[in-house]
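Below are structures written as structure tokens.
Paired with chain B in one complex and with chain C in the other, chain A is shared by the two complexes that follow.
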Partner chain A sequence: MECFSLLRSDVPALINHLGDFGEVIAPHGKGDVSYSFEVVKDNSEVVLDYNRTLLPLKKMFLPPVEKLMDFSLKEVTYEKVDVAITPRVFFAVHSYEMQSILRLDHSMLSGSAESNYFKRRQSSRFVGISFKPDEFHFSDSVGIAIEDMEGFDLFLNEVDGDFQLYVITDHGQTLIDGFDRKELTTPEIVDGREFKKKIRYHYNRLPRVFQYAYHSDVWADVASQCVGCGACNLTCPTCFCFDVQDEVTVTAEDGMRQRNWDSCMLSTFAEVAGGENFREKTVNRTRHRLYRKFKYITDEEGLPWCVGCGRCTAFCPAGISLPDIVNELIQEDEKAQYHRTVRV
Partner chain B sequence: MKPQVAFFDFTSCEGCQLNKLNFENDLLDILKHVDLVEFREAMDDKADHYDIAFIEGSITSPSCVERIHDIRRRSDVLVALGSCAVNGGVNAMKNMHPIDEVRETVYGEDKYLFATLPAMAVSSVVKVDYEVRGCPMTQQDFLKLLIALVLGKQPPKYGSPVCVECKLKENECLYNRGMVCLGPITRGGCDAICPSFGQFCTGCRGILDDPNIDGMLEVMTSHGISLDEAKKRMQLYNSNEVQL
Partner chain C sequence: MKRLEDVKHHETEDLYYPTMCKVTGAKQITEMEKWYEIEMPNGQTLGHNPGQFVEVSAFGIGEAPISISSSPSKGSKFELCIRQVGTLTNVLKNYEAGDMIGIRGPFGKGFPMEKLFGKDILVVAGGIGLVPLRSLINYVLDNRKDFGRLIILYGAKTPSELLFRDELEEWKNRDDVELHVTVDQADETWEGNTGVITTLIPSLDLKLNTTIAAITGPPIMYKFVVMSLKSKQLPDDQIYLSLERRMKCGVGKCGHCQINGVYCCQDGPVFNYVDIKPLEEAL
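So, the complex of A and B:
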């Protein structure tokens, strides 16, 4: 792996250079204190120091609202929307975000591949960037380091305000072909990247904790605070559930089918014909959300399906913290273990 | 034959009805599907029977009760339009005060001339088949319901909160901008139009079916408003639904 020096003042030039490959998508400021991934129009608007974007990068592969087909009720025909394969460079992406895309790949492409996702995922290149963990990040606890370069083609590691530019893949090599490279002058080791939020156990111990946590009282505590808005799922980078709806135009002759992101925290999510609801109470839903992150998929894949971005916690109006829930479950599990030991 | 459609207003600002006259481009398409037989704001005709009766406004007096019973008897399908008709709306704030006090404030010493009742949803008096929520009801929402009825399908129901549509639009949360918003427990379907333009949600489409009221009060008070103020905000459109 090659490594060069990149001055902060040279970043706009790098973005311009990446533009030769295709559309560049990077974090921009949004609202008063938030960020979002947008297509770069003016490279001075790109934000390099951000905590997290409102919606995950997932939105570029699985849009929040996506038209799937047009249909005609009169002629009884339909036409699928054709998704074009366009070269795109995703710039200044954090490591947990990249890991979430790799997990999404697994969810969307294993078995029967989801064709729209597959096409959008083609010819996409990723340029990573290091970040300073805030009070919500806990990706370290789920096995994702700040400098985790898996999935990236290029990676910018910030050192004293400037960057080390790592060239990771052949794609990355092609991306910076012709870009003026400066020899590495800065030290390779960086510190001051402590995670403030942590899950107390190593992530490979969590499936066992969850194995015995199904009837825990913690779920009712969480449910009493939860207002059921669905923000945790809707901003989660590894959630992929959606709802499909048909809409007919005012002429009552044609219409379109679209899909929207859905959330298992909403009371309507598990409602079926006849009015039955498989997860009627909030307490069932708060539990299900965490089991989807730490048990069900983890049992099959061996990885936690949470990447520690902290969005569900940062964007929860009620201030419910996912790592705190897990830590409470751990504490309860330890108590149970202790009693079991004493009895023997 | 096209369905015979009528519009009626009870205690309300008539804004929902007026909203329909603003359809402009879609108005002619709508009239291809239905026959308008009674609509006080737009025409003089009267009819004996209605396939679909749209009701705007809440029921607030004995004469209202009599009239809505009469309309219900002559209608196949009855739809409540807008917040006042669906749950009493802002009118229902009067229910939080003793009825005599309310009459005196409005009519002074002539109060005995005006009979009044607590402001009620139409569904408190007669059977309501479908509802279009919002203050005012949105044109899109109304069109979806009308087209569904014309096609003989079940109209869309909104069971998820405003936050869902707000998040899908990637709006910055108004709580992060120092506002106190009712989005988390308010029924969506409005495309989160207020939060998208920087105005906090006031709950005009009603509270969700199974809301966590205590949790929501906790959220609101933890963002710097008093419990009293939080309750008042919640009751603005939902006095009949939220008993605090």
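So, the complex of A and C:
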């Protein structure tokens, strides 16, 4: 793997160069405290130091609202919406975000492989960037280092204000071919990027904790704080559940079918016609969300489906912390183990 | 873990587009339920197994999962029977022969017919649960010599809610079908059994080593029927249940139908009881 030094002041030129491949999408400031992945129009607006975007990168692969078809009520016919294959470079992406895309790949492409997702995904390139963890990041607790380069084509590691540019894949090599404001250098290990938030156990011990946590009192505690808004699902980079809805135009002659992000924390998520609700109580929905992140898929794939971005915690209006829930379950499990041992 | 590079373009699918089919027959058979016969375009067949479902779509309203009610042996047409309980199904109420309807599927796992051959089949249908089980019943009747006894237990709330009355009459008159019908609340015309469906189970004479039970009904029914069958000593792995969930996409993506970690639309809706026993959300 080649490693080049790159001055911070040369980053705008790099963004311009990446534009030769296709649309460049990068973090932008939004309001005073928020960030968002947007198409770069003016490279001076790209933000390199950010904690996290409000919406994860999944919005570029599974749009929050996606038109699936146009239909005619009069003719009772429909037309498919073709997803164009557009070359895109995602710039200044954090490692947990990249890992979330790799997990979404599994979710959308295993079993029935979804064509829309595939088309958006196959023509994408990724340029990573290191970050300084804030009080919400805990990705090293789920096995994702700040410098984890899996999935990236290029990676920018910040060293003393400037960058080391790693060329990871052949795609990455193609992306920087012809960009000459860089000099070969030796990779350096950067110290001092400590995570402030941690899950107390290594992630490979968590499925066992969850195996015994189903009837824990912790779920009722969390449910009593939860307002059921679903923000945790919508901001989660690995949540992919959706609903499909029809919209009719004012003439009532035609309309469109679209899919929208949905949220398993909303009270009607598992409700069927006739009123039966298979996950009626908040406590059941709270548990379901966490089991989706640490047990159900994890049992099959060996990886937590949480990437430690901290969004669900940072954006929860009720202040519910996902790592705190996991740590409480761990603590409870330790107590139960202690009692089992004492009884023997 | 499935990775992007493992997938070829031709292996991907446009998952959410219905096939437009023609309604060739429609009849309101009770106050709440309407029967439909549907024909696929260009001589296609649906190719389903008993117990599978389709996503039915009406533009401007949406889609809903509906059990297939006819036997695969019926040929190029298939049948649905739909209770009018939601937005979509109340619109479908107005559909008549000649109307076009969107169909995706068939989806999910139906009854494992290869395991049912040669066995006595005990059908336990509660209310609208008869709709998917009718597919199984008619498949058994169309291939009668491949199966042992066919015992049908069917319970409805009232006599007026009984579905497929012509067929019930036909099944009643056949020597090779043991039909037991009960209603929760009788009216003055009713001369049959009264009581919930589990009241039909204790007096059954079952050959335990060769009987397969197939159960479909309202959510509340399953535990009681399973308890009754267990008290008859029927082994757990000889019990199959078809579960209702909000199977919105049918292809294991949208998340609505999950029972713990299992997608009902993929691993079900027909489950072996042994497989759902570890799932706390199942029954």
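Just so it is clear, the second predicted complex is superposed on the first by the 339 of 344 C-alpha atoms of A that agree within 3 Å, B and C clash if a C-alpha of one lies under 4 Å from a C-alpha of the other, contacts with A are read in each partner's own complex, and residues count from 1 in each chain.
Here, a residue touches a chain if its C-beta (ideal position, glycine included) is under 8 Å from a C-beta of that chain, and two chains touch if they have at least 3 such contacts.
The shown structure was predicted, so the numbers you read here are calculated from the model rather than taken from an experiment.
Looking at the shared chain after the overlay, A:282 reaches chain B, while chain C stays out of its contact range. In the superposition on chain A, contact of A:203 is made with neither chain B nor chain C.
Of the two partner chains placed by superposition, only chain B is touched by A:260; chain C is not. Applying the stated contact rule after C-alpha superposition, one finds that A:77 touches chain C and leaves chain B untouched. For chain A, the partner that touches more of its residues is C, with chain B and chain C as the two candidates.
In the superposition on chain A, A:294 makes contact with neither chain B nor chain C. Judged by the touch definition given at the top, the superposed model places A:271 against both chain B and chain C. Shared-chain residue A:226: touches chain B; no touch with chain C. In the superposition on chain A, A:242 contacts chain C only, with no contact to chain B.
Common to the chain B and chain C interfaces on chain A are residues 73, 245, 248, 252, 271. Residue ranges of chain A in contact with chain B, taken from their complex: 30-34, 36, 54-55, 59, 64-65, 73, 223-231, 234-235, 245, 247-252, 260-261, 263, 266-268, 271, 282, 315, 317-319. In the complex of the two chains, the chain A residues touching chain C come out as 68-69, 71-73, 76-78, 80, 102-103, 105-116, 118-119, 121-122, 214, 240-246, 248, 252, 255, 257, 259, 262, 264, 269-274, 276, 278-279, 284, 288, 291-292, 295-297, 299, 301-303. Note for the complex: chain B touches chain A at residues 26, 29-30, 32-33, 143-144, 147-148, 150-151, 156, 159-161, 163-164, 167-173, 175-177, 183-185, 208-212, 214-216, 218-219, 222. Residues of chain C that touch chain A in their complex: 1-4, 6-7, 9, 11-18, 20, 59-64, 83, 85-89, 99-100, 102, 218-219, 244-246, 248-249, 251-261, 266, 280-281.
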